[in-house]
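In the two assemblies presented below, chain A is common to both, partnered first by chain B and then by chain C.
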Partner chain A sequence: MTYFMFLLLMALVVGLVAVASNPTPYFAALGLVVAAGVGCGVLVGHGGSFLSLVLFLIYLGGMLVVFAYSAALAAEPYPEAWGSRSVLGYVLVYLLGVGLVAGFFWGGWYEGSWVVVDGLKEFSVLRGDVSGVAVMYSSGGGMLVICAWVLLLTLLVVLELTRGLSRGALRAV
Partner chain B sequence: MNPYVLMILLSSLGLGTTLTFASSHWLLAWMGLEINTLAITPLMAQHHHPRAVEATTKYFLTQATAAAMILFASTTNAWMTGEWSITDLSDPLANTMFMTALALKIGLAPMHFWMPEVLQGLDLLTGLILSTWQKLAPFALIIQTAQNIDPLLLTLLGVTSTLVGGWGGLNQTQLRKILAYSSIAHMGWMIIVIQYAPQLTLLALGTYIIMTSAAFLTLKMSLTTKVSTLATTWSKSPILTATTALVLLSLGGLPPLTGFMPKWLILQELTKQDLPIIATTMALAALISLYFYLRLCYAMTLTISPNTTNSTTPWRTQTTQASMPLALFTMATLGLLPMTPAILTLTT
Partner chain C sequence: MTPVHFSFSSAFILGLMGLAFHRTHLLSALLCLEGMMLSLFIALALWALQFESTGFSTAPMLLLAFSACEASTGLALLVATARTHGTDRLQNLNLLQC
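What follows is the complex of A and B.
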């Protein structure tokens, strides 16, 4: 399991480097998908399987839209992947930076920090994340209402910013 | 903009600040800040031209970055100490990260670069909301956590902000940029004293809000955004011409006006804390700010601009804008200094 976690964390860093090294938008979106999926995998490893499932589904839904949008808006005839020079420079700099920071903290890490948390999960009736959902619907009801309001507000804000043919925020710039 | 949408946006603007005020938990405070940012975004872009959209984008990106850093700092704190309460932000890493994020949020130097650019792209009323109401929620968080934060960081932020606020405004001809730099300088005054006397921070914030509201409403009334048009507004409204100079001098902190009160008390507190060099630096930085306020006064009131008047002086008919708020804020800006003991008592 430790090796699996090691693999997932490495893939997370590589995915984020793929986003940050500004290649062509749809490669960056692909990097974002990789980072999101692997991040959900790390969450599963730490005992939040239900939570990570919900996160993964919702995130993939959002990413689908972003992917379609970036592919439609910024389709380039000569896409820049990791091979082209400008992107490769960023990739190397970011990987080097991550390596340096990791080396700085290397002494404080040991194998135990990667071991999964949910130890005796065969014996417990309630999983932490599932009971968390129950708490969110019972004693966290007020917060849930506020969250719903924020979602509605976000919808209205996005509609207001992008509505109309000539009034869309992206078209004026 | 549709009035229903406007109602929802304005009430959410209120809700965000209220949530941050009322919360003792980091997540709720963060949600309040995010609601604030989201709700003002369409208001900023409502006059739909490229400058406004650019300003909105810049504002959204900086505020989202700051909010994400606040969330990261609070999760780090919860991870290290197991504590989600706002006043128990005790982990040093989380503390420093939080203070840097909030400095980005309220535009303290050296994280101030978005502030003049954003304010320049907005109309005056949205700019007024941005430089008054949007500062309240972050300040509520800063005041609750300031006692744990590294004093060196706070002092550096404060001194740099007052210096940069003065320097940045020096050669500007655009009034909104000048007001943005004035905001940066005032934020510096509030931050420098926060660990010694938090009530003075509240007092400085309150007086700053009054003074800057008066300044923005004056510009709105005379429809000016540049020094050159400010210089020719004397024919529109003579009384406004007289009070504008005094409002600007009050922002600069000259003695018989309200703006002197926070600077006076903060300098006194710094001297009492045995920090004479910082106090001197702050006073000298206030002088730099005073220079550009004086320049505005000179252009508007103390001289007549050598323009050829192409028409006769217009009739001064009754204005259609609401002038009551301007009158109230101007009165408070000019005459609150004798109330200093009462205000000090109210803020402690």
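What follows is the complex of A and C.
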């Protein structure tokens, strides 16, 4: 299981390399989808099943779908995947850099570095992160209200930015 | 530095480098920002999980809410740019100043 976690973490880094190496935006969106899915796997492996569910439903199912849809606005006649000349150079440079830094830290990695939440308790009814997120509705209620207000404000900001007819926040739209 | 720590740190640095060096499309910059937010979410969640301080598990949820705000505002700017300039290339924004 430790090696499986190593594999997932390596796939996370490779996914971010695929995003950061400047391919055409819909390939970059694909790389970010892979990184987010692997991140869900990492959180499940460390015992955070509810946080992983939130990441999967909200981030991957909500935000990245909008990003993949917006990739239609950035369409190119000649799309560049990771195999084309300029992108491949950046991919190799980034992978080489990450590999060099990983080789610097390689000696300190051992199999016991995988820690699961609630792994040392004898009997627990709730998973650790479920009871942790529930704090948001009791002690963290003020922060929850602030978050709701921020989301409402963002809705108004988005509506004003894209209103059009020269009446929104941007007169040129 | 554990492998988990190294992984999300390098993921954050990679997103930051992609944001700093490659600015062909506005959407590419926004995707790099989202990748940085993803690594921050994983970092906060893994911190709470590895140290068993489960009361801290609310922090990644709040971070996810704020990153949704950031993403929606960025995409609104992208839509506005596509409506005014016809494309989202950042070079085009420099060229057609008004």
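Quick notes on this structure:
Rule of thumb we're sticking to: the second predicted complex is superposed on the first by the 145 of 173 C-alpha atoms of A that agree within 3 Å, B and C clash if a C-alpha of one lies under 4 Å from a C-alpha of the other, contacts with A are read in each partner's own complex, and residues count from 1 in each chain.
Convention: contacts are C-beta pairs under 8 Å (C-beta built on N, C-alpha and C of every residue); 3 or more make two chains touch, one makes a residue touch a chain.
Values in this document were obtained by computation on a predicted structure and should not be read as measured data.
In the superposition on chain A, A:Met143 contacts both chain B and chain C.
Once chain A of one complex is fitted onto chain A of the other, the partner contacts of A:Leu55 are limited to chain C, with no touch recorded for chain B. Residue contacts after overlaying the shared chain place A:Val101 against chain C, while chain B stays out of touching range. Of the two partner chains placed around the shared chain by superposition, neither chain B nor chain C is touched by A:Ala68. Within the superposed three-chain model, A:Leu7 lies out of touch with both chain B and chain C [touch as defined at top]. Judged by the number of chain A residues each one touches, C leads among chain B and chain C. By the touch criterion stated above, A:Leu156 is placed in contact with chain B alone, chain C being left untouched. Look at A:Asn22: by the touch rule set out above, it reaches chain C but stays clear of chain B.
Note: residues 143, 147, 150, 154, 157, 161, 172-173 of chain A belong to the chain B contact set and to the chain C contact set alike, using the contact criterion stated above.
Remark: chain B residues 1, 5, 8-9, 12, 15, 19, 28, 31, 34-35, 38-39, 41-42, 45, 48-50, 53-54, 56-57 touch chain A in the complex. Partner chain C is touched in their complex by these residues of chain A: 5-6, 9-10, 12-13, 16-17, 19-22, 25, 28-29, 32, 35-36, 39, 42-43, 46-48, 50-51, 54-55, 58-59, 62-64, 66-67, 70-71, 73-74, 90, 94, 98, 101-102, 105, 108-109, 113, 115-118, 128-129, 131-133, 135-136, 139-140, 143, 147, 150-151, 154-155, 157-158, 161-162, 164, 170, 172-173. Within the complex formed with chain A, the residues of chain C that make contact are 1-4, 6-8, 10-11, 14-15, 17-19, 21-22, 24-28, 30-32, 34-35, 38-39, 41-42, 45-46, 48-50, 52, 54-58, 60-62, 64-69, 71-73, 75-80, 82-84, 87-88, 98. Across the complex, chain A meets chain B through its residues 143, 146-147, 149-150, 153-154, 156-157, 160-161, 167, 169, 172-173.
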